[in-house]
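You will see chain A twice below: alongside chain B first, and alongside chain C after that.
What follows is the complex of A and B.
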């Protein structure tokens, strides 16, 4: 039981980060950003290139990856999302699929299909908690997930700009009419979404061993499931959803050994998602439909 | 008339190939309540949106305090003194009353944070009901309270001109009266306002001037006193509604006239050194509010 909880919490922190990125963009623009996971993976390959191939310190490579992918998010907002203006949100979502394919093919051209790996920021064996070995990077990922949650909550509720982000999410034209710079809000959510996704990828990478382009897609989808379980509009909900998905994944892996039933974890998360959508479409914390068409 | 605080000059606008506004001219003086009336589809909301910056003008200019704002984004115009009570109120439903007000003061706080506290205090004084509900999510309040919040949210930013688009739309008659009481009270504080309203009888009790729009052109413009009500009634197709109430309306106007000298001289004094005067009028406004409040309760 303790083992399931430790495993679930560690995975859940990562899913929570992906989910928070998804929720930010969804609240800010009314769009599911399907490119998010792959943009984060692109950041990962950039970090691999800087850290493994050019011998830069982990922190420097990781920061560079976060900065570059944040810029990609901002540029995508500036030159695609904003240009699409009042277009149906489905069209914008399709545009993010376009970005996903573009990034994926870029990765295949530059790094090829052969898997890479990235070490964590710390060496060391980690700690044994409830029979599970928790690596330093995994511990860090929990700390970062908590830190990101607290920082975002503070930003959104305590600063004028953050309140503007919430206001623009509820009613973009009304936000503009009180003087909120809605373009900057939109740039912020797309940039933060991409940057947070990269943070999640960097923290999960050491535990994965090797990864190829597209390989983190499953994690992004679990993050999306977490966001939906949490209600898609709620930031605390995103973290709770991440934890729920992490726990469901870990306990299904415990009940049915993955080796004898391949894909059982994915199936369990899929069932969780279905049940949520059928029983509680607004998720655990979602209030009501966003006003975005 | 002193130099107008808001001026629309020869504006054309529309959507795609269809032109909606044809050479609209409108000038609003300091302290004036300008009523914009017209049939459905006459172009009232489009005019308001051109002023707000939500719809671009094809031709012509919009000037605020003598400054050309035609090319500016809506939020920049708000920073220069435009305030909005949007159609449908559009409060932020999941944010608290106080958060809504803080957002209303977004550009004021960016310019000078120290001006927020007194402005908020003045708002609580003017809208005591909102103070009672300051921690409540705005979406859980009644339509009338949301309307009051929408007005308060616009005023807290100390705007030079407030655009009010159909404040009565979608509200029950009793609440409409409340909303107009609020607007009347606000009008006595010397705020400049453009009011678009379907409820013509209610609007005529509030406005100083009338602009009648007809298929995207100005069909009539002038002070309320010169308005031929039967002409207005014919053009708006509401003859019977305006007829009997004329006497009552004239009465109300007389009352209002008495209130006018209170604000107009201040406005004229303010005109020459505009920028400085604009700041100086703030305490005056607050004082006027204090005076106005008991009077409102008495009626």
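What follows is the complex of A and C.
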């Protein structure tokens, strides 16, 4: 049982990070950004290039990766999202699928699909908890997911800018009329979402050991499930959703360890998602009234 | 839009994304899948010095092929019947698999058109391009082709997906090809084999299961089957790790499972204790739970593709779990793992020869001529290809496959047709026709047009150029016990 909790928490921290990024963009723009995982992976390759190939310190490579992908998020908002201002949000979501394919193709062309590896920010063997060795980076990812979720929630609730983000998402025209810098707000959520995804990827990569273009897609998908389970409008909910998804995955893996049923862990998460949508469509922490109409 | 509807809509989009990811990035790992290497061609790594059923043989110089004179390593060809090679019209083909209308599609007096389905999306995995893969044919064509015919090979992306592979095969057929080639992929080949039956397409493919081939007539491979690979991994454990406890991490796929069944049959026969067996999904990413379940094992067999194998070894190291590892040997894996691939040395079973740039020592010496020729051709045609990198061994096995195909086409003769090629294939039996090749024997009863029975046993080592590569420890062995 202890092993399941530890494994669930490790995975949950990863999913939580992806979920927080997803929720931020959704809450600020009403759009699910399907490209986030791959944009984060792109940042990862940039970090590999700087850290592994050019010998730069981890922090420098990581910061550069976050900055560049944040810029990609901002540029995508400027030249795609903003131009689709009046389009249905679903259309914008489809545009993010286009971005996903574009980034994926770019990675394959420029860096190839050979597995790469990236060290974590910390060395050391970590701690053995309930039979599982938890690395410092894995522990950090859990803390970062929680911290970012709480910090962003505070920002959105307690600051004028944060309230502007929410207002702009719910009614951009009205928000603009009352002086909310809608374009700046929109650029912020898209840029921050991309940057957060990169942070997630940077913290996930050392635990995976090796990665390649598209290889983090499944993790992002589980992050998306975590966002929906937690409530697409709740940043702390995203963190909790990540933990729930991680625990369901680990539990099903343990219960059906001997089973040859294909994809039992994925199936378990899919069932969790379906049950959530049927029983509590707004998720564990989301609220009906705060959704975008 | 109502909240619930919106959420549901996005959930649906999410599922679409899942499917998309399954068709794109998620495939990479398989990208580097088990046998993810010889994407181009056949696999029939054999060629000349062939003896067919009647026992009587005669020898001619390389089938009259102009390329023979250009290469010191193209062997002499023996064909049945005694006397010199025929210079007049050949007798009718014995095979009637193809109608007269189908028989000569894709072959003219000046050209042979072939097409391969392969995971082109991930060609970059090996830092290779189509031109890199066609170096062998460039050399052959520049030397006059095969009986004056230039060989043209084109490619269609199968994305490591059975469905896409069938689409690719259909596209290949639309080009009017002589026959279809199947690149690496345990999962897509069975689907294309079925397609080949209904579409009357001669299909030469990479390693796949024997299972599912009963009554099939159009598909051939000169490589060992999936079952044989599993059997040899089992024999390797029995021979090298006697008395040790074994764990299995395997791909959860019906196209991979027959290899596990064969492995377990050997384990049972030799009293090997299997302490854990865990199935994983393609591109699962995190394997911590499965690794924890292997803690009682001294030896772990990873029956997965290169990316997954790399991740599993890496993640096991992070869990302070350090067993002996058995897996598919790719330089892609060993170079990515670096020092982690040497402590302990990884051990592998392969249907292809090891390659480590410039190293002609040890068992490499046994096929040094092929290595020299390979490196010389790449230096001439694709000088920028990094043979010392992750692509080197993949390109070499691709090259050996093409060399085998070359010999097969020469065997087919100047009047080659699809039915004549089937005649050649069904009677094909060759002992090490060229140095880097193992034996091929299509005449064994009960093996459903699969002619490969030998494998290479490999281990990782520090190569002269300091890379961590694989080298053969046993070359072309059919059994270890």
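Keep this in mind: the second predicted complex is superposed on the first by the 283 of 293 C-alpha atoms of A that agree within 3 Å, B and C clash if a C-alpha of one lies under 4 Å from a C-alpha of the other, contacts with A are read in each partner's own complex, and residues count from 1 in each chain.
FYI, contacts are C-beta pairs under 8 Å (C-beta built on N, C-alpha and C of every residue); 3 or more make two chains touch, one makes a residue touch a chain.
Note that the structure is predicted; figures quoted are calculated from it, not measured.
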Clash-or-fit label for the pair chain B, chain C on chain A: fit
With both complexes overlaid on chain A, does A:124 touch chain B (first), chain C (second), both or neither? neither
What is the contact status of A:55 with respect to chain B (first) and chain C (second): first, second, both, or neither? neither
After the superposition on A, what does A:250 contact: first (chain B), second (chain C), both or neither? second
Partner touching more residues of chain A, chain B vs chain C, is chain C
I'd like to know which partner A:85 touches here: chain B for first, chain C for second, both or neither. neither
In the overlaid three-chain picture, which partner chain does A:132 touch, first (chain B) or second (chain C), both, or neither? second
In the superposed model, how near does chain B get to chain C, counting Cα atoms only, in Å? 15
In the complex, go through chain A and note every residue touching chain B. 160, 163-164, 166-167, 170-171, 173-183, 287
Parts of chain A lying in touch with chain C, wherever the complex brings them together: 3, 7, 10-11, 32, 34, 38, 90, 93-94, 97, 100-101, 104, 108-109, 111-117, 125-126, 131-133, 135, 207-210, 212-219, 221, 224-225, 228, 232, 250, 253-254, 257-260, 262-263, 265-266, 273, 277, 281-283, 288, 291-293
Per the contact definition, I'd like the list of chain C residues that touch chain A in the complex. 1-4, 6-11, 13-14, 16-18, 20-21, 24-29, 31-32, 121-122, 124-127, 252-253, 277-279, 281, 283-286, 288-289, 292-293, 306-307, 310-315, 317-320, 332-333, 336, 390
The chain B residues in contact with chain A across the complex are 52, 54, 73-75, 78-79, 84, 86, 90-95, 99, 102-104, 106-107, 109-110, 153, 157
